[in-house]
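Below is one structure. I have some questions about it.
Each chain carries a letter (A, B, C, D and E) given by its place in the written order, and its residues are counted from 1.
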Amino acid sequence: EGEKYILVSHAPDSDTWWNTIKNGIALAGEQVGAEVEYRNPPTGDIADMARIIEQATASGPDGIITTLADFDVLKGPISAAVDQGIDVIIMNTGTPEQAREIGALMYVGQPEYDAGFAAGQRAKDEGVTNFLCVNHAIQQPTVGERCRGYADGLGIDLGDSMMDSGTDPSEIKNKVLAYLSANPDVDGILTLGPVSADPTIAALQENGMAGAIHFGTFDLGEEIVKGIKDGTINWGIDQQPFLQAYMPVVILANWDRFGVLPGNNINSGPGFVTKDALTKVEEFAGEYR
Amino acid sequence: MADPIIQMKEIQKHFGSVIALAGVSVDVFPGECHCLLGDNGAGKSTFIKTMSGVHKPTSGEIVFEGQPLDFADPRDAIAAGIATVHQHLAMIPLMSVSRNFFMGNEPVRKIAGLSFFDHDYANRVTMEEMRNMGINLRGPDQAVGTLSGGERQTVAIARAVHFGAKVLILDEPTSALGVRQTANVLATIDKVRKQGIAVVFITHNVRHAMAVGDRFTVLNRGQTLGTAVRGEITPEELQDMMAGGQEMVQLEGSLGGTV
Amino acid sequence: MADTTDERIKEISPLRRALIRPELGGMVGTVAVFTLFALFAFDSGMFNSQGVMNWSIVSAQFMIIAVGACLLMIAGEFDLSVGSMIGFAGMMIAVFGVVLAWPMWIAILITFVICCALGALNGWIVVRTGLPSFIVTLAFLFILRGFTIYIPQTVERKTIIGGIRDAAEGDWLAPIFGGKIGQPIFQWLGDMGVIGVFERGTRAGQPVVDGIPMLIVWAIALIIFGHILLTRTRFGNWIFAAGGDAEAARNSGVPVNKVKILMFMFTAFCATVFAVCQVMEFGSAGADRGLLKEFEAIIAVVIGGALLTGGYGSVIGAALGALIFGVVQQGLFFAGVESSLFRVFLGVILLFAVILNTYIRRIITGER
Amino acid sequence: MADTTDERIKEISPLRRALIRPELGGMVGTVAVFTLFALFAFDSGMFNSQGVMNWSIVSAQFMIIAVGACLLMIAGEFDLSVGSMIGFAGMMIAVFGVVLAWPMWIAILITFVICCALGALNGWIVVRTGLPSFIVTLAFLFILRGFTIYIPQTVERKTIIGGIRDAAEGDWLAPIFGGKIGQPIFQWLGDMGVIGVFERGTRAGQPVVDGIPMLIVWAIALIIFGHILLTRTRFGNWIFAAGGDAEAARNSGVPVNKVKILMFMFTAFCATVFAVCQVMEFGSAGADRGLLKEFEAIIAVVIGGALLTGGYGSVIGAALGALIFGVVQQGLFFAGVESSLFRVFLGVILLFAVILNTYIRRIITGER
Amino acid sequence: MADPIIQMKEIQKHFGSVIALAGVSVDVFPGECHCLLGDNGAGKSTFIKTMSGVHKPTSGEIVFEGQPLDFADPRDAIAAGIATVHQHLAMIPLMSVSRNFFMGNEPVRKIAGLSFFDHDYANRVTMEEMRNMGINLRGPDQAVGTLSGGERQTVAIARAVHFGAKVLILDEPTSALGVRQTANVLATIDKVRKQGIAVVFITHNVRHAMAVGDRFTVLNRGQTLGTAVRGEITPEELQDMMAGGQEMVQLEGSLGGTV
């Protein structure tokens, strides 16, 4: 009772997707009766994130839950925490192999590249031959991996199909419009999260290509769910961030209390969310989904 | 003599640990040119700044037209009829001469109930007034920054005179001026005074002071050494007082009497 | 004293004289930019009706914040909190209109009041303490962004609040920010074949451009207002004076503090207009809205010929700066340039523009 | 002329006089911040060996860039491209050392040369065109960040390049940035039980803090160098003069342009030191490195009492500002404050610090 | 008479469309005080700026000690021995008096092979020199910004004199000064001249010029009206020339002869 767990993410303050994570740990903390904290580097600088993990280690929590956004950078601080007897669970980014290498208990999440690859394969089957990948966080290395995986899954060279869109919705919308009218042969779009997906939906509605162009996206949100429902979006890849946050807290608490631990890593995604199973998603999008 | 238009009573002004004015009292009458003289750092500029609403006096009272007065900022003083040409000019280099001339007193013309800046009027008046002061402008839209120091000084004075106030304060207006412009300014002071306007004139030049002054107040280290009336004091006596009582440098031979 | 000519002044040709104005840099830049893209991206769709609407909207956005930033900069200050203010304003509307479910027009009006008050606070601190506005507004950049993330997180456990479009349904004030005008004309133009119509999808048969968004109307209105205010009114003279030399202006009776505070409020007002238009268009408010917009506003203003240190500039110039910015940004996409190079182009254009403007200004103000 | 006293000057107590210095604000702030956290976060691990090392490293990072920003700001300019320069420098090392596989010391030296040259270019443009450094360095902020994203994207198809630590193995220069000193002492302290030791893993038995990172050594060295340069040398006087009034300084024979360009280079040098220490410690370079660090440097310097407009300030003050910044940032984490409120705190502290400093400066320079 | 130390030959200077100097030639000899007179905007400041390396002349030649000379910047001029006190001062308000005094000429002391600023020496010299000029400082670390305009002017002159150059250029040094400080400056000019240093002295005050000048050059609208030698010209003639040929304002009655 009263254990302290700290979750450290690599996301800048402005990245709205991480909200679900905050809610996930808060709920889990409440349910198991542990104290939970969320921390992130304000600008998304992964080197700053390393300092935060060191800080978290120094404050002596019972466990740290962290992403592995850049293995090189975070290897040192995380293994130092592990070696001091702090239990670590890797969530969201990274791979199970890397998690094992630095001595983490387990991995809960969706390896970005693999998820992108799966998305690419599916899109290929659905007939995509030429794509646009809207990246709203070009400076962050992790999300870009999704584009790379997607391109490889499609078997196309990434080339300059990855757009540095910025985060302003009007700019994203208009950049997408400009790109599509300059490249009429594009028949597939991948967005990397609600920040880029919402304006892209608006763009497609405006130029009338909604439903006519193959549109896949990562992560969920209110608008994305609506888009899936009305057919603008073919599928959303749900990596179930809620699980990524909720599970580690519960697992750590049970490990600390009873010494029980699942024998395997948990792949929270990729799960393709299509029109069919939407009710729950709709209700909790942006909050727990 | 009429009542004084402005009375400064026991004005003190402290800046942090510096006592710039240690109780100075001066009366100014309409139609007189009151010269304020004194050494560098005597507190002349500080004194007139309290008069024109730039500084609030630390203690002391200002009586304007018989009413005790408390200016919150220079705008109040200007509205009350006190126009000031400050030592460190009041011109904006990047703005045109005509915009500068009317700064704070912009002429307006109503169009459809809305007030607009009357540029034609402003340009015309500016050109005229500057020609009267002996400055030939390229045009009213010339930037003040392209004028020489003396030319700028002249614009500032012309402006203060144009908006004919009840009290006109000039802080060393002639210090940067050429002979011709100086003569102009002195003639202007004379003209203004004759219109019944009170002029407060700060200068280091005894001759300029003697030329137009009616009364002379000498400040020294934040205190007044008294006020003298024209004719009751010789230029030499005035000069000695301005030097502030400290012994003068030995200049008798070649340089005496010329300063 | 009668000679009105001065032999020491070389002749300046009337043409040159007519050309030499603060906006010149912006005009040259605009022509250059359009020529360039007409050459390299003409058949990319950049100049069909849809393409034109595309970069017009982006430019209009920049214009809205550039007008505020321009007047403020001429008044001698600048505001780094514009971007955060945009995020904050959007969030306020969402909180009032969606979370508290107040009528949308009340939410919008209250947001305007709050944001202008924050602008006034910014200005008040600047004039009272005499601190550089860089520092004060940098502090507000952080403070407002912090609240923009914190508030929705606390009240709604979300950082994007959607459903604003639904909440605004039937409201009288919302369409003034989020609507479009001139639909019949565009429909007619579409029917006439002047502008294309959708060939497929849900909107087949409708014109591809179906109206002028209010965003553009706001941009034009603000530009006209700002331009007249600056050049044709007494207050405009005060803005120049306050920025040129605050001390001198104060000594001349210009209420400098009032001018500066009002300009901070106007900047906040413009940021709020931007935010309201955006949330009405997209239907959601996010904690990440408006990032870096403060720089984009300043860049547009500076490209448009204003002086960063105040006292010099023009609203028309700022509007042209915003147009250049918008056209270049979108044009690079049309031209198919690798998108991460956009920043490089932006930096280079900024440098060239300011160097050109400096040259022009030196000529105007006489080489000082 | 003999009286050396002046009855018009009120007495100032010697104590007050000794206290009134540019650094005072920083000193007061430092004491206040430590008191606060000692009260509210004492048992959070903030003051154990690991905690101390944690905020020391963060502060040292700020200090390294603050020293450069401080001298540059005193010389009358500032540099918004510091953050982009950090990202760019790191990426250059990765490109030379990993992609091209040159020996690491060559990669480091070439990176220093390139970055100092870019700093000089910044400075050269500023002094040649007379443009405000805000604009010029803002352009470089975009240009350098653009290249930092574009280059790895083009050569490696990623925005992150790893493997630097392996490439630096056995290099003679790399440990000067990425190493640690004083290990034996810390080992001894660990054995004595003064500081904790690892409980498990390959490093079991070793102290949790096993040496002072070179980062901290660099910070201290740069502070000492900057402080002496500024206060005790002829060049220091020139820095003050260049920032106080460039025209007057030039007229007095101070080579103002040279001073400014050198200070831009020094700022770039500090940014590069930061970057090299970072990539050597973490082994990878990313396009996200150094984001917003330019503001953090400026904030630290301003908290430390320097005047944004130049001509006034102190390196010690800037170092204290960096310390305050680092301690507050990490301390809020230790104290468990909601992380989105961090920015709010930062903004408020910044405001208070500058107001305090302004008050102090007015006293020093006589209320103008 | 010895050879001129500096010869300015047909100096022209254009600023954009403004012709500030249209061919001015002046010789300055060691040990003389050469007064430069003229109306506002006549080009005096521009002229001495070409002499002190601030501006490059558009055309014309400068010969210094018999050698044609081409200053790249003021530093070169200072190194060659030309010290200048500019009209718009050369003081940095935020810096201490002693740092200002030695700006560009910092005294250094070697410690362990490295050069350090010798603060003790700088402070001592500053206090001494300022006391000699009649200014009582609170301390050498007082900021220049806390001095009055006249006090700052005095610091600038004291500095130029201290670093005893071969040519000392003073651009309206007395314009903002009080009587005592003016007397001091004139005495200083006299002293400096007697040491064989050439002094170029710009003023609008005929009396100040007559007090110390050996030769008088009058500029008008960027051209020289010729050079007169002391004793060959009366103050009245000089005054007429300075007014620049345009007819004088009518001041004969009360104001005549006083300017």
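One rule holds for everything that comes next: a residue touches a chain if its C-beta (ideal position, glycine included) is under 8 Å from a C-beta of that chain, and two chains touch if they have at least 3 such contacts.
If you want to know which protein each chain is, UniProt gives these names: B, E = Sugar ABC transporter ATP-binding protein; C, D = Xylose transport system permease protein XylH.
Remember, it's a predicted structure, so these values are computed and weren't measured experimentally.
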* To do: Spell out the chains that contact chain A while also contacting chain C.
  => D
* Asked: What chain lies farthest away from chain B once each centre is taken as the mean of the Cα atoms?
  -> A
* Centroid comparison with chain C (C-alpha atoms), farthest chain -> E
* At what distance in angstrom does the C-alpha mean of chain D lie from that of chain B? -> 50
* Where chain B and chain E are represented by their mean Cα positions, the distance between them in whole Å -> 27
* So what's the Cα centroid distance for chain A and chain E, whole Å? -> 71
* Asked: Residue numbers in chain A touching 2 or more other chains?
  -> 13, 138, 162, 164
* Asked: Out of chain B, which residues touch more than one other chain, so two or more?
  -> 18, 88, 134, 146, 246
* Multi-partner residues of chain C (at least 2 other chains) -> 1, 6, 9, 145, 149, 153, 338, 340, 342, 366-367
* Asked: Which residues of chain E touch chain D in their complex?
  -> 52, 54, 73-75, 77-79, 84, 86, 88-95, 99, 102-106, 108, 115-117, 119, 131, 134, 136, 138, 142-143, 145-146
* Structure fact -> Listed in rising order, the residues of chain B that touch chain E in the complex are 18, 38-42, 45, 87-88, 134, 146-151, 153-154, 172, 175-184, 186-187, 190, 204-208, 210-212, 239, 242-244, 246, 248-251, 254-255, 258-259
* **Complex contacts: residues of chain C adjacent to chain B** => 1, 3-6, 9, 231-234, 236-238, 240-241, 244-245, 247-255, 307, 311-312, 364-368
* Parts of chain C lying in touch with chain D, wherever the complex brings them together -> 125, 129-132, 134-136, 138-143, 145-147, 149-150, 153, 295, 298-299, 302, 308-309, 338, 340-348, 350-351, 354-355, 358
* State the interface residues of chain A toward chain D in the complex, per the touch definition above. => 12-13, 37-40, 42-47, 50-52, 54-60, 70-73, 75-76, 79-80, 82-85, 103, 138-141, 144-145, 148, 158, 162, 164
